[in-house]
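Structures given as structure tokens follow.
Below, chain A partners chain B and then partners chain C, in two separate complexes.
After this line comes the complex of A and B, so read on.
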């Protein structure tokens, strides 16, 4: 009981996830800065931002829905933390795992997006409402390719559990060469899920101030920001568990490998963010439905055929 | 509790998010303010990020003399910011009204409408002056008595 609680709350669980999330945010901003030829923020920057937001006054707009306004950041963070339980950090030892947890993780990943939408909706601000609608519209674009790309490798592995997939691909490493197109589809639609450039339409500062979070301040904003960085960790860990399976069996070595793999994924996401400008909504939907989804569909067909041949 | 307060105070010193507002400037100071945020000067070294929403900002960077038109908006934006908050008056016009002082539609400096913490003279201010002012403002927070706390109390 105690060890399970420790697993969920401290080590491969919540505390580790938040600390690593802050580190990944630093890495992201640093890489972004270096690519723009500047020196970037110091290592403690995300922590300082978080602490400052904790100390700021929390303002709730008079015509916002008080209860929803307060509860949504917590729902968002707890959904991400719950999903992280099923993702392997140490080899073969996620805090919990069962057949089909990939679906659970994917559905839990939707909750932060939906709570972001509701947060903007209940703020009763024009900018927040536009941001919310964009959040939801964007979800219809990236969600399908992301799900398909993550389910394609599951077809070959013949298991719907994240840990099972990681195990299968580390035993048969050649199979994951097949999934390379799906890997890139997952990375790009993951960028959309995280609402980072070029898919940062909901937060577009130059058009709609700050999107759904425009009315949030203080502690509530801190929790939302924390939930965003935790989502970054979750996406990076999920992609590295499914597509970059390299396991040794030694927990320490595997943990090191986990760090290297997630940082490599983040590096790609940071590169994508710094190389591209924001897309328009119709461009994004066209891109996701005309390019990413067909690639994912072809990947699924190929994987089905290979599975039949085997 | 003391430790948490210290940590939060450290966070406030290390992470100033700014909001830029043009109260009626000729655009000279605005260009220099934006220039200070570009990769050449790299204000993110000090944790400065420009925010779109007043709710997220800590420092209101105001340029230009306050006109009758912007007076209400400036007040509104100041009220929308959460405590602790600081105001910087950027440029001679923001400090005193400058050459626009006495004009029929001009109120005068920023401090005629909202309390100002830092005055940066110059026409237009240089980005270096702006960076130095941000640093000085954050250094004053190390002292035991803080303006933010006075206001809250």
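After this line comes the complex of A and C, so read on.
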């Protein structure tokens, strides 16, 4: 019981996720800054930002829905924390695992987005409302390719468990080469899921100030920010577990590999962020449905055929 | 602001405080979904009473005040003003001074356009371009600081010439910066024409066709991007532009991409001009002696600011105090087409469309207009004072006893 709780709350659960998330945020900001010829923040900057926000006054708009306004950041963070339990950090020892947990993770991944939408909706501000609508519209664009890209490898592995997939591919590493198109689709639509440039339309600063979070401040904003950071860890871990499965069986070595893999994913996401301008909503939807989704569909067809051959 | 019900329309205020605006201005955008159906432009938040302030100072003091009309294109305003005064006084400046004026004016164009490129990048969420172009702009500012002693508001112009000379080492440093910028600018031009996300966000946005540009009286890069060759340096050369060859830069795209390309090509042209000036810099005096009292008369002086045609109307009354100066900053001419450009666009394109004319809000704000329920009224100096006395009276402060300083005229 105690060891299970430790796994969920401390390592490799919530506490590790938050700490690693802050580190990844630092890395992201540093890489982004270096790519732009800036020096970037010191290593403790994300933590300092978080602590500072915690100490600030929380202002809730008079005509916002008080209860929803307070509860939504917590729902968002807890959904991400729950999903992280099923993602393997150490080999063969995720905090929990069962057949079909991939579906649960994907389901839990939509909750932060929906809470962001509701947060904006209940803020009752024009900027927040437009940001909310964009959050939801964008979700319909990237969700389909993201899900299909993550489900395609599962067809070959013949398991719906994240850990099971990681094990299958580390035993048959050559099969992994088949999934390379899906890997890139997942990376790009993952960028959309994380609402980072070029898919940062919901919080497009120069258009709608901060989007759904425009009325948030203090602790509540800190929790939302933390939830976004944890989502970054979750997406990086999920993509590296599904698409970059390299396992040795040695827990320490596997943990090191996990760190390297997630950082590699993050570096790609940071590069994507610095190399492009923000897309417009119609351009993003076109891109997701005309390019990403067909690639994912072809991947699924190929994987189904290969599974029949096997 | 509450969303307006009915017709599925929302009114969203962009400004007066908004991350995309660097100065206060208010754009009330009526949206249907993400489409702009109506745009209302409200400027005038930054009225500073500069023209009025000029009327109680002598010509040299006014020169420094006029330079502060704009924080970015300050040199063009002081050049226009000096030229006007020189014309009234019948002075002709030494050739070296004319060349130095042109060099500073082209360096100013470079830093202004690089600043614009960065702002444009930021407006479309391309912060890397923003950081790159502002890094390059620093080099121009460094060299301007070396030449003039200041990063902006150079104070190099004086009536009858320029105040500082360009020595050998300054010329070499300018040449170094030019060589560095040439590669960078060619890279940016290539980027604007080939980068898919950049052209996706810029092409076809903020259309102002040739006919509309003429109708709304657009100036500068906005007009030149629509194919109208309107460059005061060419059609009415001043200072050393009479001798220096200036190639016209125009484009036919008539959208934000066209304006971007025009601006980058203009920067490349500026490099050529500076290079030519450095090579052919004549020797000699820097100033001619200017009289303290300027003969009575009226003059219109035009210069090509980075943002377009800049017009100064000056009336002198024979004393050492200016009678009237009226500044038509280029932004003022470009505001008129803005509503036309905004309507029918997506909300996402509003910030870049506004930024594409390179607006300089406080340069354009000249009068206070009070919009009440029905009527619109303009306030003059006296009216403004009465209004302020009234305003404070309601809050329990009586300021009517405070005397305004008498306007002194030295004859």
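Keep in mind that, in the parts below, the second predicted complex is superposed on the first by the 310 of 310 C-alpha atoms of A that agree within 3 Å, B and C clash if a C-alpha of one lies under 4 Å from a C-alpha of the other, contacts with A are read in each partner's own complex, and residues count from 1 in each chain.
Methods note: a contact is a pair of C-beta atoms (placed from the backbone, for glycine too) under 8 Å apart; a residue touches a chain by one contact, two chains touch by 3 or more.
What you see is a predicted model, and the numbers here were worked out from it, not measured in a lab.
Visitor: Touching A:278 in the superposition: chain B (first), chain C (second), both, neither?
Guide: second
Visitor: Look at A:205 in the shared chain and tell me whether it touches chain B only, chain C only, both, or neither; answer first, second, both or neither.
Guide: Both partners, chain B and chain C.
Visitor: Is A:253 touching the first partner chain B, the second partner chain C, both, or neither of them?
Guide: neither
Visitor: Using the superposition on chain A described above, determine whether A:38 touches chain B (first), chain C (second), both, or neither.
Guide: Touch partners of A:38: chain B and chain C.
Visitor: Pick one for A:29: touches chain B only (first), chain C only (second), both, or neither.
Guide: So A:29 only meets chain B here.
Visitor: In the superposed arrangement, does chain B or chain C reach more residues of chain A?
Guide: Counted on chain A, the partner with more touching residues turns out to be B.
Visitor: Is A:304 contacted by the first partner chain B, the second partner chain C, both or neither?
Guide: neither
Visitor: Does the superposition put A:48 against chain B (first), chain C (second), both, or neither?
Guide: first
Visitor: What is the contact status of A:59 with respect to chain B (first) and chain C (second): first, second, both, or neither?
Guide: Only chain B is touched by A:59; chain C is not.
Visitor: Chain A residues touched by both chain B and chain C?
Guide: Shared contact residues on chain A (touching chain B in one complex, chain C in the other): 36-38, 127, 205-206, 209.
Visitor: Give every residue of chain A touching chain C within the complex, in rising order.
Guide: Touching chain C: residues 35-38, 126-127, 129-130, 197-198, 200-201, 204-209, 274-283 of chain A.
Visitor: What part of chain A is in contact with chain B in the complex they form?
Guide: Against chain B, chain A makes touches at 29, 33, 36-42, 44-45, 47-59, 127, 205-206, 209-210, 213-218, 221.
Visitor: Would you pull the chain B residues touching chain A in the complex into a rising list?
Guide: 5, 7-12, 14-15, 17, 39-40, 42, 44-45, 47, 50-53, 55-56, 58, 80, 82-84
Visitor: Could you pull out which chain C residues touch chain A in their complex?
Guide: 1, 3, 10-13, 18-20, 31, 34, 121-129, 131-132, 135, 195, 197-198, 200-201, 346-351
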